[in-house]
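Dropping a structure here in structure tokens format, bear with me for questions.
Naming follows writing order (A, B and C), and every chain is counted from residue 1.
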Amino acid sequence: MGRSPKLLALGAAFALALSACASGGSSAADSDSGSDEENNNSESTSTSGGSVLADVIANDVVTCGTRDALPGFAVLQADGTHEGFDNDFCRAIAAAVLGDAEKVEFKDLETDDRFTALQSGEVDVLVRNTTWTASRDGSEGATFLAPNFYDGQGMMVAVESNFNSLEDMDGTTVCVASGTTTEGNVSSEFERLGLTVDVLSFENTDLIQEAFQAGRCDGWSSDVSQLAGLRTSFLNGEDSLKILPGVFSKEPLAPAVRDGDSEWAQVVNWAVFATIQAEEFGIDSSNVDGMLESDNPLIQTFLGVEVDGTALDPGLGLPVDANYQVVKQVGNYGEIYEQHIKPLGLERGQNSQWQDGGLLYAPPYR
Amino acid sequence: MNSSEKTPFWRNVAVLRWAFQLAIVAVVGVIIAILVNNLLVNSSSQGIPLGFGFLSQPASFPITANDFRDTQPVWQAMYEGVLNTLRVVLVGFVLATVFGVLIGLGRLSGNWLIRTISTVYIEIVRNVPLLLIVIFAYLGLVLEVFPRIEDSWDLAGTIIVNGRGFSIPWITGPFVGLLAAVVLSIAAGLAVRRWRLRVAESKDESAYVVPWMAAAMVAVLFWVGFFAGLGFSSPSIDGRNVVGGMTMQPEYFALLFALVTYTASHIAEIVRGSVQSVAKGQVEASQAMALNGWQRMRYVIFPQALRVAIPPLGNQYLNLMKNSSLGFAVSYFELTKVVTTSVGTRSPAVPAFLVLMIIYLIMSLTISALVNIANRKMEVVGR
Amino acid sequence: MMIWLRKNLFRSVGDSLVTVIAGSLSLYVLFRIVRFVAVTGRWQVVETNLALLVNGAWPTDEIGRLSATIVLLGFLGGVASAVAGLVTSDVDSEPPTLFQKALDLAIRLWPLALIVGLVLLLSTTTGPLLLTVGVVGAVTVGRLLGGLLPGRVRPVVIVVALFGALASIWFMSFGHSWDDWGGILVNFFLAAISISLCFPIGVILALGRRSEFPILRMLSTVFIELFRGVPLIALLLMAKNTLGFFVPQEFTPGAAVRAIVVFVLFTSAYVAEIVRGGLQSVPKGQIEAARANGLTPIPTTFRIVLPQALRNVIPALVGQFISLFKDTTLAGVALGFLDLLEGGQAITQQAEFRGQGLVIETLAFVGLLFWAGSYTMSRESQRLESKLGVGSR
């Protein structure tokens, strides 16, 4: 296996990027896009192409960065399997690219090493509850894609406390996880409301839990979806802890890939869109086989059914039946949500289809 | 002039010595060059900047129990981190020395029980990891044993202890006033001491230096303090917070507690060793001169023991300063915690940690320099 | 008896007062401790997670490899201690009787025996018992064999034992990657590997700092002061966050390698200072005599100065090993090893034990394990110190 050719290719890509920048023209990634066809066919030698897609196909596995203990999103089961919302999106990617949702290798990453793992190529894609922000997009060497979950930061307090909104919490102490967007959000929000707050940030969730339980802090702030998940891991948490209504930040949680690989980025993007589009069409894992007989041309195109002897290949580098495999093996967005997020007690809200007033909107598949 | 007798350069010792040294410099240089080259390649391929521009970027994180706002630049966050480090280190120096000396003397006590207790304390604390003590002080002591704020331990309104912190009465008023009061009080004390010593010499009567000094210092302290607008405030509970007095936040208290406990056990051993190092003849001679126990300690043993103790004591102070970085483990925002949080938020790792190393090196070298000065002074006095 | 009491507890009124107050206080504390250990302490969490605290999440089907390595290490340790014992033993004193020997051993090793007993008491399977028997047997056999070796091969034996130990640890890693090791195993492993690797570097630095070459002296001094002036945890965090930048991307090192790199660099600076002290303790006359006998500088250093210097610094090296052993807990918090301390914290967060305030119990147990290890080692090093007569010459 050519280690050094890869390095050379990297250097070459970098040189290209430099020259592209110097001429103020198109990006370096564009110069790669002509090689789609070859990459699909070639085997191990294709590493020199530089696209993750080729590597994934060659290795026949998608390496996906998630975490091991976030209820609802990604939980490492006792038998070593991963269950959760984020894990299912990893499976959707594998189903789309390789036609088999089980060809995923999960890597459990910590908050502060997730981007390093992506940069170093340890993982192909990061689906790890990560908020898309400008500075992460800009300076972590990552490219964020279409969000798979729209979240917002909220506040969890003890039921017996008499806090019913943030306005009641003047002069309190709030615990957050460090190295996240949450710590800055809390102080900005309290400042906006004209209140004072003391923010206590910890490296790991265990310590926050200890501190919160011991009454060191009055509130625990994080993304609402995380709070809902964490609440379930407390001793009778549903009854003793409440999440205050309202959110005070935008937290679009999006998959991320390495910078400069637009081919792989498109593949991941369209795997996510497949789940959303399927729900919009009313296709789910139970009726997808029946839907193959549908006479709606849009659905036929989406599922890759041959009409008049041809099926649409949009040229994303995916098999023609990619969408079918995603829906068949993993399910549509609604199914994934029902299975993993609903049990936490979270309603669809922003994460509804656009027709229902939500933010889920897949571009047309044509 | 006779070239045939001249040593060829490859056997010329001076040339060989320089060649050897240059070779070593070359090897070290090549290693450093490889590392730096890797750094440049890696950071440019990952689009990560290497400059120090991040220092003036907004920090994006708040600091606990501090007015620092997340919109202030990173360098100010680091400055607050240094202040927090100094806060725990300087208080730690004083408390660890006091407890260390007490325990060290306890080990030399004639009382078997005191001796045993001191020995057990030293042997236990010295042989467990400091990190364990830090975590125990935080998770075990502060979070588990200290009560919730609703049922705080309240020692007659002077000391209030709960999961939100350890509160003690404290001086209020302008800092300049406090400084003036302390400086003037010390000056007054020294003046009175001189006066009493002169009186004692001229009139040949007891000097009573210490009572006189204490009285003068207390009087000046209160008098200046009153006019400088200094006051005294006791802590009290107001809703879910402690107001008044001075509250040590739990993370600070846990770190300080652990550092003092640990360092005191090491200082105690130094104290014991240095007192025992004072030659037996000295003690016997002072007994022969009919000095009482206090005088023997103050004029004979202490000055000689101190000279032996200063270098290892300096080492312990240096260790205490470095160990304050364990505040990281309990989320006390000292320098290390600030830098790691900053790296986790946005700052590039390599330059940020470079700054961290440089700040620590400056602090270490300062302490070493102070210890060296003290050491030299003691040597001169001793001779 | 009465005289002893008078002399040691009740010499004067003040003394008696102190005795009474301190006595009642310590009795109360003692009572609380005994009650905690025997009555109020909830030790279920330790009992359930005993294996996790000792060897981490070591896979069950690889336990055989682990046990074999530990027994082998015990054997090598026995040989090495016998050889070292011969080096330091007094020729004059008459050999002790077997009873004296056993008593001596019991007094010296009771903390270790205590924790081994405790672990055996808490464990539910026979594995740990068999392993203990195996290790004790291996150490004994090693000691006996080591005693039979002729004097000339001793340095060779020490080197072979050292490499054997490193090789067996390497062999161990086939079963379970270093990065996933846990429990007290990881503390001991990190400390042992690092002290063996840093020793040569430390000696070179010490020689460099005392050499007559100005550049060499400067480089060594800068290195030593650099690593002595910065906190270990800051270095570990730095290794975690930045070490990847200094190596080609293909070789991104794992957590264990990062930890070892930092411990080796950090400890070698301290070892250098220890060895420098040892070098200074060698009388100048020795060097002059060697030179007068026609030895050139290099043989003087390696055959005359270093052997004497190193002999004098053995106790200080043991002390350094002890503090390294304790400092390995920092790797847990900085690099995410589930070492004894981090593991101890983690088990209180398991679903069945969470939120019950079991931190005190687990930390007490963890602390006892660390204490027994380093207390025994530090007493052994003191014994060695008095045997070698360091400082008394």
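Note that in this section a residue touches a chain if its C-beta (ideal position, glycine included) is under 8 Å from a C-beta of that chain, and two chains touch if they have at least 3 such contacts.
All values reported here derive from a predicted model rather than from experimental measurement.
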With chain centres set to the mean of the C-alpha atoms, which chain is at the far end from subunit C?
A
Mind naming the chain pair that shares the most C-beta pairs in contact?
B-C
CA centroids of subunit A and subunit C: separation to the nearest Å works out as 45
Taking the mean of the CA coordinates per chain, how far is subunit B from subunit C in Å?
27
In whole angstrom, what separates the CA-based centres of subunit A and subunit B?
46
Multi-chain touching residues of subunit B, meaning two or more other chains, are 41, 45, 139, 143-144, 328, 340, 343
Residues of subunit A that touch at least two other chains are 10, 112, 210
Give the residues of subunit C touching no fewer than two other chains, as numbers and ranges.
241, 244, 248-249, 345, 359
The subunit C residues in contact with subunit B across the complex are 8-9, 11, 15, 18-19, 22-23, 26, 213-216, 219, 225-226, 228-234, 237-238, 241-242, 244-249, 322, 326-327, 329-330, 332-333, 341, 345, 357, 359-360, 363, 366-367, 370-371, 374-375, 378
Sort out for me which residues of subunit B touch subunit C in the complex.
17, 20-21, 24-25, 28, 35, 38-39, 41-43, 45, 110-114, 117, 123-124, 126-132, 135-136, 139-140, 143-144, 322-326, 328-329, 336, 339-340, 343, 349-350, 353, 356-357, 360-361, 364-365
Mind listing the subunit C positions that touch subunit A in their complex?
240-241, 244, 248-250, 252, 336, 345-346, 349, 351, 354-355, 359
Contact residues on subunit A for subunit B in the complex?
10-11, 14, 111-112, 119, 135, 139, 141, 171-173, 178-180, 183-184, 186-188, 191, 198-203, 207, 210-211, 214-216, 218, 259
Sort out for me which residues of subunit A touch subunit C in the complex.
3, 6-7, 10, 110, 112-113, 116, 120-122, 206, 209-210, 213, 233-235
